[in-house]
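What follows is a set of structures for review.
Next come two complexes, and both contain chain A; in the first it sits with chain B, in the second with chain C.
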Partner chain A sequence: MSQHAIKAVRSPIQRRNRIKLNLWCWAFVSLTLIFYLLFQGYPILCSIYYSLFNWSGMTSNMAYVGLENYRSLLNDSVFWGAFKNSFRYMIMVVPLEVVISLFFAYLLNDEKLKLRTAYRVSLFVPVVVTASIVGIVMVFIWSSNGIINYAMKSMNLIDKNINWLGNAKYAMQTVVYVSVWKDMGTYMIYWLAALQSVPTDVIEAASVDGATRSRTFFSVVVPIIAPTAGIILILCTINSLKAFDLIQTLTGGGPFYATDVIATFVYRTAFTSDMGLPRFGYASAAATMFGIVVIIIGAVLNALKGKLQDLQ
Partner chain B sequence: MEATQTRKIKKNPRLPRPGRIVINAVLLVCSLIWIYPIVWTIISSFKPQADFFKEQLTLLPGSVTLENYARVWSKANFAVYFLNSVIVTVFSVLLVLIMTNMAGYVLGRYKFVGRGLLMAIFLSSICIPLVSTLIPVYQIVKGMGLLGTRLGLILSGAGGAHVVFLLLFSSYYSTVPNELEEAAKIDGCGFMRTFVSVMVPLSSPISTTVIIMESLWTWNAFQLPLILTLNNPTARTLAVGLYAFKGENTVDWTGICAGGAIAMVPIIVVFIAFQKFFINGMAGAVKG
Partner chain C sequence: MKKRLLSLLLACALLMSVSGALTALADEPITLRVYDWSDSTLVYRQKFHEEFMEKNPDIKIEYTQLTIDQFNSTVVGAIQNGEGPDLFPVPTTLNLTTAVNEGWFLPMEQYLSEGFVDTFQDGVLAEGVQRKNGVLYTLPESGSLSNSMIFYNKDILAECGLEVPTTFDEFRAACKTITETGAGRYWGLIEGGNQANRCEILLRALVQSAGGKIAINGRALTVDGRAPYDTPEMAKAVELLQGIVEDGSLYPDTASISAPEARELFAQGKAAFLCQGLWCIGTWANDHPELNYGVMTPPKGADNGYVANVEGGPWMGIYAKTKYPEAAARYLEALYSTTDYHYQADVVKSGSYVSVIKGVNEANMVDPVMKEYYEAASKCIDVPIATSRDAKFYDFYSTVVGATPSLASIAQGILSQAIDEPMDYLKALSDAETANWKTACETIGVDFAGLEFPNWVAGQPYTSEDYAALQ
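Moving on to the complex of A and B:
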């Protein structure tokens, strides 16, 4: 009876406090929420809406065409080329980046290594410099006059200068090399964080048992860092599909669309007059289709990672 | 981490000498390859324009000149680009710092109604490629009348959910002991006062990380600033300005290198000075 009374007395105050607290919390997240909705949440829906119109973006003249843009995209060989290249780029970049960064991280995860910090800074510096500027500089470095041709020639690896970025045969792989060079440091830091979570006594025990360095790595270290490896793989995959800055400044998608990915395709279609009048509606359809594919890939990879962790 | 380090030094079996030499050699060669393009850019920016094609590969220039810098700084608008980059970076970073600190605080400390949903929405934004929001963002900024202005770059640059920063702040705040808040409450501090005078000062290590990471990202941003300043070259940042410069001066490589150095050197200096914060922030992103 008295308990009830207490509850009855306390609950309105409690409830008022609770409501007040909730209001404070929402007020505190509101700024982030507004910026998220305005520049990411709403635009993604908007993109779907625009994709249903024939619209240059220059005027307010929008004609509703339904799924017509999507239908023409399916028959647009330039779009399919860009779509395929996005994934070709991903398939080449992800394994190279993940393996090379793990290699360096493993070598650097040794406290006795002199110059450890110097190596780490050098390998990481490309990550912090502006991608668009690196892309422009790399145009020269990989040009016929650049150091790459000079070095390869003096090592007798090639006998004629190769126009790495200007030749459709080599352009994609060159873009991939530059990307791996640029972003490798990011994943190296991720791997170092993972490797530092491996308890040293476990490694110690393995080496007492007579395991070699590589044996220890594959049978002891790899299983421990596997969960972080999943996150690294997902991040690397998603980031590779987002690539724009380097590709636009290195090749602009050329030569002959050999390095054209969806990001460069959308930019060219919507914001330049390289292919006639800008086409906002059409470019939005391409951006939407690609966005949906990337989101699905992200979700599938995430689910796979969850499954694998459950199994362990 | 200190503890593991000392343990490692004691217990890790020493590598045999040849092994260590090989590892050092590999790392040395790779490190040099990795920094070569950056060093080359900076050195080439001091070479006289006329000598460039004669000695394009040498890292020790025959003669040194500042003429390239003078040329791009005044004639090619780089003074304006530099100022724009600084202004856009400073204000975007401030905005992002304030909003993620506030949001991270309540997400990390309170189980309020809708918290789970918000977290899920923010987290899922990682997968949205910028290209899919580019055209609408252009339209929104245009609708605000901010196309080709610094304010447009600042606001759109601060857009998005900043998931990494939210996670950094919320996981940090969730470890702060409750006693601090209760003490503040007894002293008569309300929700806002407690946050501003107790929590914000506590979070300064995370704030530093956020400031440094967001500065780098904003300074280096290219895709959005490119489309938002198509109509107005005087609002361009360095990242976009050099791209336009290259489009007009395809053979002025010493000028391009000088412009590139103006963009790269400040960010490299900041990185080297604060690398601990930067690397911890990035590592925290995977662990969180």
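Moving on to the complex of A and C:
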């Protein structure tokens, strides 16, 4: 049989196998895809649609206004304040979260460390606690009569008690600390997974060559876990831009918009109003506009990650 | 033969089980779903429901209490989709006209027994508030009394050797003395500062006490063609609040606590003054019977200072798509009954609120502070309301877009020291609201001048004759 004849017989079989494989893949993905389309895709499309209307979300009279909501947003100082705060929050949270979680992961990856599982669990516990519960408890802890003030006063770090969440000067920082404490466990788990993929013989070789622990970390471990770092960075950035539950329970976006991020702005605009009806359409426009920005940032970060991997 | 017998037996068994199920279904009580956010009367409501179900075994009450925000974000969607509860209140963000136009409520009089409506005090089932075009759609929860009275802790005032302050200056000085004497045990004033609406209510009350012309919460009124948020009286009220904050006389966590938390901390003796409403009395009677306190109108900032009456609002109505309108009407009749049920008497006795049913307050108001509150509130005056002048203004509130930062946010910013120059924000707010109100008036086709009441003298009650004089 000639080579051409063999190829001619093989390719339909290969094609059939490929189709079969693809079908199986789609079969496994389909359930997730259906749920995604129902509970993520459909609401996103609805939100885009509603953003073109002047609508309270409470009545049936929707007035089509085209891009008017988007135009109004451009002149809304409170929206831009929330927009800025979202990025301020991201810039403060992401480095802290990524570095601290890596630090703990590296520390707790040491097999010689006793009770390391207990430490890992204790650092992961805040992740599984509901954000609203954390919010309520933290309001007490950070209150002017709370334990933070007591501890800082005992150490002579402050002269008089501070209402950390009620003072515009400190509110954002406080929210960031609580957020880092709450979510750090998730990223620590990602880092641990990455660290466990580092071959032990490479570490041992570095040690035999006389490298210190920090040198081994920066020169051997970091290059190996760098691809995971990219994913963690993207996830952390996107999650910080979507922050809502913790901020809503801790401060509600206050005092005087000091911790108001886009999610709290959208929630407040969509469901409450001091005068007149809530503005569901306007809130949808804000959510859509910010969503587009987040997508662009995600795409840019992803492209950067790809570039870095190529360079490596 | 055996097979036939077996089939016959099976058929009989099937028939019996079906008829049994049908009988059970027929005997099963109907479930009436009731939703609202009346947290201060929860105990009495639950007691009422037990009493009601005992006397009406054919009805099972499924009562759900939410916050206003939860109601707006969850139940409203269900109402629009035809899945709403059988009985629910008009959301605070809507007015009756809009709710009725949306077809949410049934005209209820046809389901109510004769004479029931006559048991209500005169004037409470008002046009535009509970009725639309004469048709009754909702009933009020309680009598409308001012929600900006000042409660004071008598023990703290005695310990500091102070009398009840009556002017702005006295109030600020009293707060300062109290805070200094308390030395970390208690402070002058406490507020639920993370609820911007409470901050706004306090600020508006102080503007009124300074003799400023300002509408009640959530309502629009112009003075010389402008939203009156940058007036000298407003500046005076702001100055007082800023002074209290600067003196350190405001409870330090005020900015991050809610109104119920402030209420609780006041009862624990953490502050001498609290600005809230009647609902506190019932809660304190239950949770802090030892609390020695009194109630006063806000201190005066000018001779023509006043406290405004609040506008009565619509409350519970029967869902237009309910399957059980008769049962829902029976529930409402029982809730307001003074002969077969005790709910109205209970809430008045406990000091939770005043009843809208004739004779209930007179017979059951036993709490001395509640009587004090009632007396203080009776000195409140009616201020002009655009909807009373022209019902078309109900559409104004469905159309107008509120400016930001709102008065509530600015008031919150003052209490939390988040803004240094509040009058700049208030001027910008006046400009923005004036423009927004003009736009809303144009949209619905009413004259912007309808928001102006030139014949109103601040500090004097605005009467029906005054409305008539403007026609």
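By definition in this document, the second predicted complex is superposed on the first by the 275 of 312 C-alpha atoms of A that agree within 3 Å, B and C clash if a C-alpha of one lies under 4 Å from a C-alpha of the other, contacts with A are read in each partner's own complex, and residues count from 1 in each chain.
Assume a contact is a pair of C-beta atoms (placed from the backbone, for glycine too) under 8 Å apart; a residue touches a chain by one contact, two chains touch by 3 or more.
Because the structure is predicted, anything quoted here is derived from the model rather than measured.
Q: Considering only the touch criterion stated at the top, classify A:Asn145 as touching first (chain B), second (chain C), both, or neither.
A: both
Q: Just chain B (first), just chain C (second), both, or neither: which does A:Gly57 touch?
A: both
Q: In the overlay, work out which of chain B or chain C sits against more residues of chain A.
A: B
Q: Between chain B (first) and chain C (second), which does A:Met155 come into contact with in this model arrangement: first, second, both, or neither?
A: Neither partner.
Q: Output check: A:Ile13 vs chain B and chain C. Expected answer is one of first, second, both, neither. What do you get?
A: neither
Q: Considering only the touch criterion stated at the top, classify A:Phe271 as touching first (chain B), second (chain C), both, or neither.
A: both
Q: In the superposed arrangement, does A:Leu123 touch chain B (first), chain C (second), both or neither?
A: first
Q: In the superposed arrangement, what residues of chain A touch both chain B and chain C?
A: Shared contact residues on chain A: 57, 139, 145, 270-271.
Q: Provide the residue numbers of chain B that touch chain A in the complex, in ascending order.
A: 1, 4-5, 7-9, 11-15, 23-24, 26-28, 30-32, 34-38, 40-41, 53, 56-57, 95, 98-100, 102-103, 105-107, 110, 112-115, 118, 121-122, 124-140, 155-156, 158-162, 166, 191-192, 195, 216, 219-220, 222-223, 226-227, 230, 238-240, 242-243, 246, 253, 256-257, 259-260, 263-264, 267-268, 271-272, 275, 278-279, 282-283, 285-287
Q: For a test of understanding, state which residues of chain A touch chain B in their complex under the given definition.
A: 21-22, 24-26, 28-29, 31-33, 35-36, 38-44, 46-47, 50, 57, 104, 107-108, 110-115, 118-119, 121-126, 128-134, 136-141, 145-147, 150, 181, 186, 189-190, 192-194, 196, 199-201, 203-204, 207, 213, 228, 231-232, 235, 238, 241-242, 244-245, 248-249, 262-263, 266-267, 270-271, 280, 283-284, 287-288, 290-291, 294-295, 297-299
Q: If you look only at chain A, which of its residues touch chain C in the complex?
A: Where chain A meets chain C, its residues are 56-60, 76-78, 139, 143-145, 161, 163, 165-168, 251-252, 254-258, 270-279.
Q: Would you tell me which residues of chain C are touching chain A in their complex?
A: 69, 72-73, 76, 80, 91, 93-94, 98, 101-102, 193-194, 196-197, 200, 218-220, 252-257, 397-402, 404-410, 412-413, 416-419, 440
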